[in-house]
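One chain, chain A, appears in both complexes that follow, with chain B as partner in the first and chain C in the second.
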Partner chain A sequence: MTVFTTMDDLKKRRIHELLDNGQRIDGRGFDEHRSISIEIGAIPKANGSARVRLGDTEVVCGVKIQPDRPFPDVGDRGIFICTAELLPLSHPTVETGPPNESVIELARVVDRGIRESHMMDLSQLVIKRDVSVVGVFADNVAVDYDGNLFDACSYAATSAVLSARMPRWEYGEDGPVLQEGDAPLPTTTVPVSVTMAKIGNHIVVDPNADEWDCMDARITITTDSNRNICAIQKGGKNGFTLDELVACGETAVKSADAIRRTLEAAAKQ
Partner chain B sequence: MSERRKRVIPGDVITSGSYRADQNTVLDGRLIVSTAVGVSEIVDDAVRVIPLTGKYMPRIDDMVVGKVTSHTSLAWELDINSCYVGFLPATDVFGRDFSARSDELASRLKRGDLVAARIANSDRSRDPLLTITDRDLGRIDSGELVKMSASKVPRLIGKRGTMIQMIETQTDSLITVGQNGWAVVACEDPNGLLKAKEAIAMVDRLAHTSNLTDRVREMLGGRS
Partner chain C sequence: MGGRATDMVLLDENGIRCDGRRIDEPRSVSIKAGVLKNADGSAYIEFGDNKILAGVYGPRDIHPKHLSDADTGVLRCRYHMEPFSVTERKNPAPSRREIEISKVIKEALAPAVMLERFPRTVVDVYIEILQADGGSRCAALDAASVALADAGIPMRDMVSACAAGKVADTIVLDVNNEEDQAGQADMPIGYMPNLNRITLLQLDGVMSLDEYKQCIETGIRGCKLVYEIQKKALMEKYFDGEAEK
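Our next item is the complex of A and B:
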């Protein structure tokens, strides 16, 4: 995806052979995620932050909350924007400079998962209708890459939003005026994305970098706390059959339960 | 550590004697100064520093393991774990009759193939030229690529090849080691493959320590 490597043919062959024998290169089950560790408050000066490690993939997310002008057509709603960036230290092939297509896709998939699940009640983020609203900006930075940045960024952004404290503003004569006290962001659900890769005829959950390099197609499915699917992104040159899609949906719903509990527990720390 | 071998960092004076400044050292007046973090060594009339880490710097006649990343109409480009890209000219594979118009390079070596090659020509001003026209060189058809620090390859090979031979014997495997820190381990037995990989990782981790061959042998469960 965001990282361009040439995979050696021998390893690719080995991954396919192992999958045909029901095994993965790192010994996990086909529907097994790598271990997730979440550290809340990794950036002390941010309104909310989280450092998420998904196996050897590591992402830091910071949430900044500040007054902003509303979009002209939705003056009765606050703003939520999620971005993503890869640091050159995350992988030898990552260079500085403007984000490429894959990084833009990464940010949009994470943003869409949170937005379409209606995780945040944006109507509660209005300071003065049509004039001033609260803007929530979640910025993801990948510091270590070992595949599946979609899920790592999604968990980091969700954890950071869940743990964020929102300052209070009231509209004065010259604009929003900061008040004393803060409160959690108005969240209604916890979106969890699950990314699956299709390699040959096999579908594996949470592909690592090696699996990512040799996959034929991928799908990211985000579900909310009610186990409803709220966002899907499909990538890669190959496709999924209808049966595979249904199976992916079921896997995403099933896998998300445990991850959601982990995210909620971490945010309560 | 003997008096002739000591740990150095860049800027450390190794000696002021009448020696030749070899690898990773410079002559500053009468002083021989290290330019790398590593272990200094005085062999015959030369002083050199064996670096603890660092990228591979190609040297003529080195055997390397490379990965084909791309090709032009005249040559393949190989990742050789260096700041330089290795160039393998098409004439080296197709022979002198090579025609860029009729011969398709991808028919012989494609992207992702691993190749055992030798550095035919290299200076620091341009990318090194590779060759596979020698015994035991060419595409590697089986095994698993294992990566280690290029500066620790001599330790993996050992004195007169003792270490590598011991690992191969104990694990019943065949190991192709490139001076660039990439090795391909081929083994029929999955346990042997795991053991061999573990042994290489151990050498990489503990290259600076003594009595390593015995400890690797012990880890592999063999007798001395």
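Our next item is the complex of A and C:
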């Protein structure tokens, strides 16, 4: 997303032709995602981290955990915030400066998928009710771009959170005091985001950059460990039929199982 | 799971919701087309307690010039909430939420507008939320769509929008603010009723695959109800409302 390579018409036409013959430009099946490799603990100074490659898209996520003030209306909940940024070194068309609307959407969709799955049990992140809570920040940076940052960032954040160690704090006389020892973050489920692109009348899972540039519409569906849907974002300048959306829902649920096992296995390394 | 703790009864034993509606009943919706003098097209919508103005300018010259496209017109959209539109004053600067909503509304309208007829131009859609209740992005999309039609811009279809959601384990139409805060899921839907395409779809909240399908179908029913009101608004302006057949 977010990046527009000048795709020449020939390539676009080729992608359409291949899809009409049941093939994709990189040889994958329509419902096949690219290989996922996950390096856990790549950033030792973070409380949790993951370096994820989804095909040639690469994202580094670091989780920082620190005491924070609670939001005023929810003093009995900790804070979880997930961000995403596209670095200028990831692609020739990316510039420095404030995030554009596509990057803002990316960050919000990745955050929403994890948040709405209730992966993080925020009620267990309270140091002192209404005064001090634990804040968990999962910051994603895309370092290499080959399409579908939504899923790459989601996998990086999820596996970084799963592998993170949370320090312990007790509330002392004037604030939280760091204690000995640590524990895993209180997680309840493993959200898995599956993004699909509609190109012509075809729907493909995990579009690469070439496919991303010529898609008509896309949809990102996040499911939890119970195979329920917990977040959706449709994008792109065209629409889906009801039947297509139902099929996308089923594909998302089905594809997520193997990816979830990959994320869980990586986090245990 | 899901939603904030509340004492409110969201759905009583008779299937009546916290604001007195049935589960398949939308809030009251009224739309007026052509409410601004300067805009090329405009509309005002009241959708429950939402009060929203939409104004359209264009097709017109695009600035900055580098955004111009030789093959097609460009659609721009701004969804903006007034500081007084919500309970606690909102900072008037565009938030990340408003930027995201502007983008999804733009992408929901784009398939309906025949921009390819106006290369090198822009169509600007400005949406101002004077008062917000739940479902403001759907109401905003409804108003924007009428404003585009009012501007006389060629369109393939209207875009009609309405949310569905899950409240007290039940799929309901048109989630209001209380239900959005305390309910289990909210799914805004934008739909082209004649072309049968869903052009805006978001979800936050947990639901099964079956509920997901049911939720989209419920939302589409709501969109079709709104579509009739959109047509009525245009009829009233251009045909004195007489051709309502």
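Basically, the second predicted complex is superposed on the first by the 269 of 269 C-alpha atoms of A that agree within 3 Å, B and C clash if a C-alpha of one lies under 4 Å from a C-alpha of the other, contacts with A are read in each partner's own complex, and residues count from 1 in each chain.
Heads up, the rule we're going with is that a contact is a pair of C-beta atoms (placed from the backbone, for glycine too) under 8 Å apart; a residue touches a chain by one contact, two chains touch by 3 or more.
The shown structure was predicted, so the numbers you read here are calculated from the model rather than taken from an experiment.
When the two complexes are overlaid on their common chain A, residue A:81 makes contact with neither chain B nor chain C. Legend: residue contacts after superposition of the two complexes on their common chain; A:233 is shown touching chain C, with no touch to chain B. Set against each other, chain B and chain C differ in how many residues of chain A they touch, and the higher count belongs to C. Contact with neither chain B nor chain C is seen for A:247 once the two complexes are overlaid on the shared chain. Using the contact criterion defined above for the overlaid structures, shared-chain residue A:18 touches neither chain B nor chain C, since it reaches no partner.
In the superposition on chain A, no contact is made by A:143 with either chain B or chain C. Looking at the shared chain after the overlay, A:9 reaches chain B, while chain C stays out of its contact range. Across the interface of their complex, chain A is touched by residues 1-2, 4, 96-97, 99-100, 102-104, 107, 110-111, 187, 192, 195-209, 212-213, 216-217, 220 of chain C. Contacts from chain A toward chain B in the complex involve residues 6-12, 14. Those residues of chain B whose C-beta lies close enough to touch chain A in the complex are 67-69, 79, 110-114, 140, 142-145, 184. Contact residues of chain A toward chain C in the complex are 74, 101-102, 104-105, 107-108, 112, 115-118, 219, 224, 227-242, 245-246, 249-250, 253.
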